[in-house]
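Below are two complexes that have chain A in common, paired first with chain B and then with chain C.
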Partner chain A sequence: MSKVTLNQGAVGGKLANRVINILLVLGCLTIAFPLYMTVIIAFKKPSEMTNDVAGALGFPQAWSFDNFAEAMRVTDFWHSLANSFLLTGATVVLCIILHSMAGYLIGRKMAKRKAFKAFYYYLVSGMFVPFAVLMMPLVKQTAQLGIANRFGVILLYVVFFMPMNVLLYSGYLTNIPTALDEASCVDGAGVWQTFWNIIFPNMKPMHATVAVLTAMSTWNDVMTPLVIMSGTDQNTLPLAQLNFQTQFGTNYNLAFASYLLALLPILIFYIVCQKQIINGVVNGAVK
Partner chain B sequence: MAEIILNHIKKVYPNIEGKKKKGEPEKKSNLLVTEEGVLAVQDFNLHIKDKEFIVLVGPSGCGKSTTLRMVAGLEGISGGDLMIDGKKVNDVEPKDRDIAMVFQNYALYPHMTVRGNMEYPLKLQKMAPEEMRQRVEEAAEILGITQYLERKPKALSGGQRQRVAIGRAIVRNPKVLLMDEPLSNLDAKLRNQMRAEIIKLRQKIDATFIYVTHDQTEAMTLGDRIVIMKDGVVMQIGTPQEVFDHPANTFVAGFIGMPQMNIFDAELLEKNGTYSVKLADLEIELSPEKQQRLKANEVKAQSITLGIRPEHITLAKKAEKSLKGTIEVSEMMGSAIHLHATAYGKDTIMIIQTMNLTEEEKNSISIGKEIHFAFSGNMIHVFGKDGANLEA
Partner chain C sequence: MIKKDAWSKNEKIFLGLLIPILLLFFCFNTLPLLKGFYYGLTNFRGYGNYDFVGLRNFADLFHDVRVGKSYLFTFKYAIVMTIAVNLISLVLALGLNSEIKGKNTLRGVYFVPNILGGLVVGYIFSFIFTYILPAIGAATGIEFLSNSLLGSTRWAWVAIVIVGAWQGIAMNTIIYISGLQTVPEDVYEAGMLDGSTGWRKFKDITLPLIMPFVTINLVLCMKNAMMVFDQIMALTKGGPSQSTESISYLIYNNGMSGGQFGFQSANAFVFFIVIVAISLFQMTVLGSKEEQL
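On to the complex of A and B.
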């Protein structure tokens, strides 16, 4: 009997596997196809952009980097890249330092002290406030405070990523036994030393996760720099992409070349940190 | 020099009764609940002499770890005074108490090497690197972990990790060394080995030890004095021999000693100033020493709880004055047989040395058979019906 059931199970499993595989392939296509088009178009001359299928999907006649050079000139690439790097880098560093501290304190004290629990919920509820709601007041406030510049944008990022990051850090903290805090405390360390010497290094997988999530969101964000820094001449890369959408139409060849250029740094960052991210997510999931 | 005085120490956890949801099962705890909250430790008094080895022992939830953590400063003290070297340290931070602690789960810093772990407390003291290296190597030498100094904790076995944890504690020559069930995560063989090492270690370093365990063997073998606790209350404080020979109550009597003491319901009789106990038909006169103690306490004839240790029971012939029971289980341990018998409605355990038995007697011990046993009057423990030792 049991053998038959096993066989049936195996057949059912195989079928389920096939269905899942097909779904995965479809999912993969929906991502790969637009990506393919982006790459192809980025290399084509505008004259090759005919309306037939070959014009849209075929390979370019010559693989030339002219579009990229032109896109870099139009978007003032190096300047925008530097700006993006500055914003992303500063945000990531500040987020890791500040949010891990907040996460540590809240995560450790939440169980015993109601005030910390309340503060935790208050912070996390911030995740449900859409940026659009706060946009206009923030534009006004940053202007009044004189921080409608890169500093203001970094500050806003640090605030906006706080709910998610504190949630991640305080969740990850359950993986670090409180005995470590206590041991450090008995060994002669204060709270500050315990955090920097023991807790901070042990949260490394979560630092990587937070760094990647924060970096990707910051790097790709258009809205915040657009509304806060408009007119300051300090474009970030995504902001520079808007140059291609003129009143009279879009130059797709230049635009796509530029998108690929903007994508490259964050892609490299992701590949480097990939192992850490997966570790971080799994660690968070198991416990 | 470290003399520790615990003076009416108390620990209260705020009452959580009000928050309890409906339908939630009642917690099975015998801890005293007052208006303030749950009393995890009540009225703990102990004067620990310099370099003494004190063992806190008791079943789980008895407050022994809480007491230790209060001494460490990891847990606040709700009432009473804690004095280390004559200074009141109730509100002193753990780092300023000059104590070291070994945790049950080792609590090694996973991102540091063994050397890093052992250097950490010294680094916090801002010790010179050369001296630090020397101290770490000395401690590693004592514990036999020199070859592992550059490894991370995860590359070590349980026993090695525990050595590192002890090393981290002794490396800065603390006044007081606290150990919270340090051996309970190790397997039986390793535990015996480490127990011996702790005894050796104690001779090498000058520190006052407080050791928490639920294992009475550890308590008996390690402690200069043992503190036996139950439900947050100290039951008895004494040397291992004292608590074994003169348990203060039936709880201590049952907790110390392996297998545990047999308990019977009996009568204490007094005839012309001579005490004897009557169990079933058997009347046993108590030893002169016990007579004196009972007299001094002016104990009257009454129903009592009689305690007798398994190793003090001897087999008897049927004709002699004896008690009888039916053998339920017979455990051959090699040099001795542990017999479980039902006698007078109680499960009775007796340890019979095999070398004293004749072949005939050995054969007569089998399950379901009736046996006769007896014990002498100087081995009997006399407890009142409330459990307290009447001789004390």
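On to the complex of A and C.
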């Protein structure tokens, strides 16, 4: 995968690569600029925001954390953060448990039994159903069942991510030889024990992929909590940004401090497990 | 299937464990889809009593100006997004896959937009469109920039494409990179002997071999773009004068609070069929172009 230079003739290739390198570094500015602006504005005082470009983009006179403290108070930051963690954490755990099991149950039998093949296609075809299509009936349904709350949102996530995750898990199952199941059976273990003791631990790489994909979609999702939990006082981090727009008013420094706070957890997560995240996303898309 | 081979005990246990999961899926995915179709046959406003109106909502969809506009906007957005995002990310991926310094860091940086939430990114860009670009326009005397893109019925959709692309490119680039890595080195070397370099090398060797990844990217990008919601919510709320109202946003806005529960349910159901049709179409057309090595 390396040594592409071989193909381009050493001298011309080197120059070309140098140029590509410079262009790519310059291109990073398009990524960096909005983030830079967010940080700068978040640290400024409203009085420093003049109408020219420098007013918005120049360094603040003093780096003060006042905006962040105020933003935390206005948006009830810790509460929203806790909710985001709760929803994401519970969804990821439930998805890994339920979807790996569904993937196993379907994947192992689908070659032999048409019924299981049909179940497979039934679940996986759910990928074509956008949330916007189910939104209105689900709002009614969760209200009738009394689960128009955090629990309902978690439940909906578990159902909504099922098609994708079952596809991933049952696909991964081909890497786990059926001989393992059989050996476990000979030892007298039932299906349940076989799954938990043998299959589940062997699915570890796929658990990582599923965890990353599920966590990112849940953490950043706005629509589901917006329509399902609108009657409760609960916010997730992104939802809080939406619901407190009016309170930010024209105080952009306060708003950007709040945006930065909302972006920080996932940025930190990305910096810590960048490799797993990128692998997870690629696996999820390519499989 | 041949009925005579009876299910073993083992298979029955598998089925028994699977059924609760299938039921859960049915109750919160298939059932609401069917209910949506049912609501689409009524004049339900979201509250109170309602009557059956047959297929009237579905017929009305095709005459409704606002629905028509939202489909037009969504398709325009999705097609432009899909083309722009895939062209840019293919070029980026080729660059990031060549022999360069700091390759991993650069790849890491280019992926950042993908992990950020669309709503907050939308708010940040909203400030750029409303204050930074007009300020630059005023400073440089470029008339076009001096008014906010978001305030213009002609250009607001471009602003949404820019934000969507800023985020979408990250994802597609990383998939193209993993596609380029599957192309074995000796294929290029063989191609070199035949004298293919530069554009020819890309067109004749690289592109056919990464076609499966092109398929994935086109389908994913189109599907995500068709469902655009967060960016609209943050940037324009469908405005100015409904010029950037996506289908998802219209369903949310008019269905949830506009008293059009039944009508928008019909809209949602048609939207579902459109999404399925597009995805199937893309997969059959592009799937036939894939080449195996």
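Here is the rule we go by: the second predicted complex is superposed on the first by the 230 of 287 C-alpha atoms of A that agree within 3 Å, B and C clash if a C-alpha of one lies under 4 Å from a C-alpha of the other, contacts with A are read in each partner's own complex, and residues count from 1 in each chain.
As a convention for this text, a residue touches a chain if its C-beta (ideal position, glycine included) is under 8 Å from a C-beta of that chain, and two chains touch if they have at least 3 such contacts.
All values derive from a computational prediction rather than experimental measurement.
When both complexes are overlaid on chain A, the residue A:N197 reaches chain B alone and has no touch with chain C. When the two complexes are overlaid, the chain among chain B and chain C that reaches more residues of chain A is C. Looking at the shared chain after the overlay, A:N17 reaches chain C, while chain B stays out of its contact range. When the two complexes are overlaid on their common chain A, residue A:G188 makes contact with chain B while staying clear of chain C. By the touch criterion defined above, A:A255 reaches chain C but does not reach chain B. Judged by the touch definition given at the top, the superposed model places A:A69 against neither chain B nor chain C. Of the two partner chains placed by superposition, only chain C is touched by A:W219; chain B is not. Touch criterion met: A:A179 reaches chain B, while chain C stays clear of it. Once the two complexes are laid over each other on the shared chain, residue contacts for A:M101 go to chain C alone; chain B is not touched. When the two complexes are laid over each other on chain A, chain A has residues 185, 190 in contact with both chain B and chain C. Residue ranges on chain A touching chain C, taken from their complex, read 1-8, 13, 16-17, 20-21, 23-25, 27-28, 30-32, 34-35, 37-38, 41, 51-53, 56-57, 98, 101-102, 105-106, 108-109, 113-116, 119, 122-123, 126, 128-141, 155-156, 158-160, 162, 185, 190-192, 216, 219-220, 222-223, 227, 237-238, 241-242, 252, 255-256, 259, 262-263, 266-267, 269-270, 274, 277-278, 281-282, 285-286.
Of all residues in chain A, only 177, 179-180, 182-190, 193, 197-198, 201-202, 204 touch chain B in the complex they form. Note for the complex: chain B touches chain A at residues 72-74, 93-95, 99-101, 103-105, 107-111, 120-121, 124-125, 168, 172, 178. Across the interface of their complex, chain A is touched by residues 1, 7, 10-11, 13-15, 17-18, 21-22, 24-25, 27-33, 35-36, 39, 92, 95-102, 106-121, 123-125, 127-128, 131-132, 135-136, 138-139, 166, 171, 174-175, 178, 181, 185, 188-189, 192, 197, 201, 213, 216, 220, 226-227, 229-230, 233-234, 247-248, 251-252, 255-256, 261, 264-265, 268-269, 271-272, 275-276, 279 of chain C.
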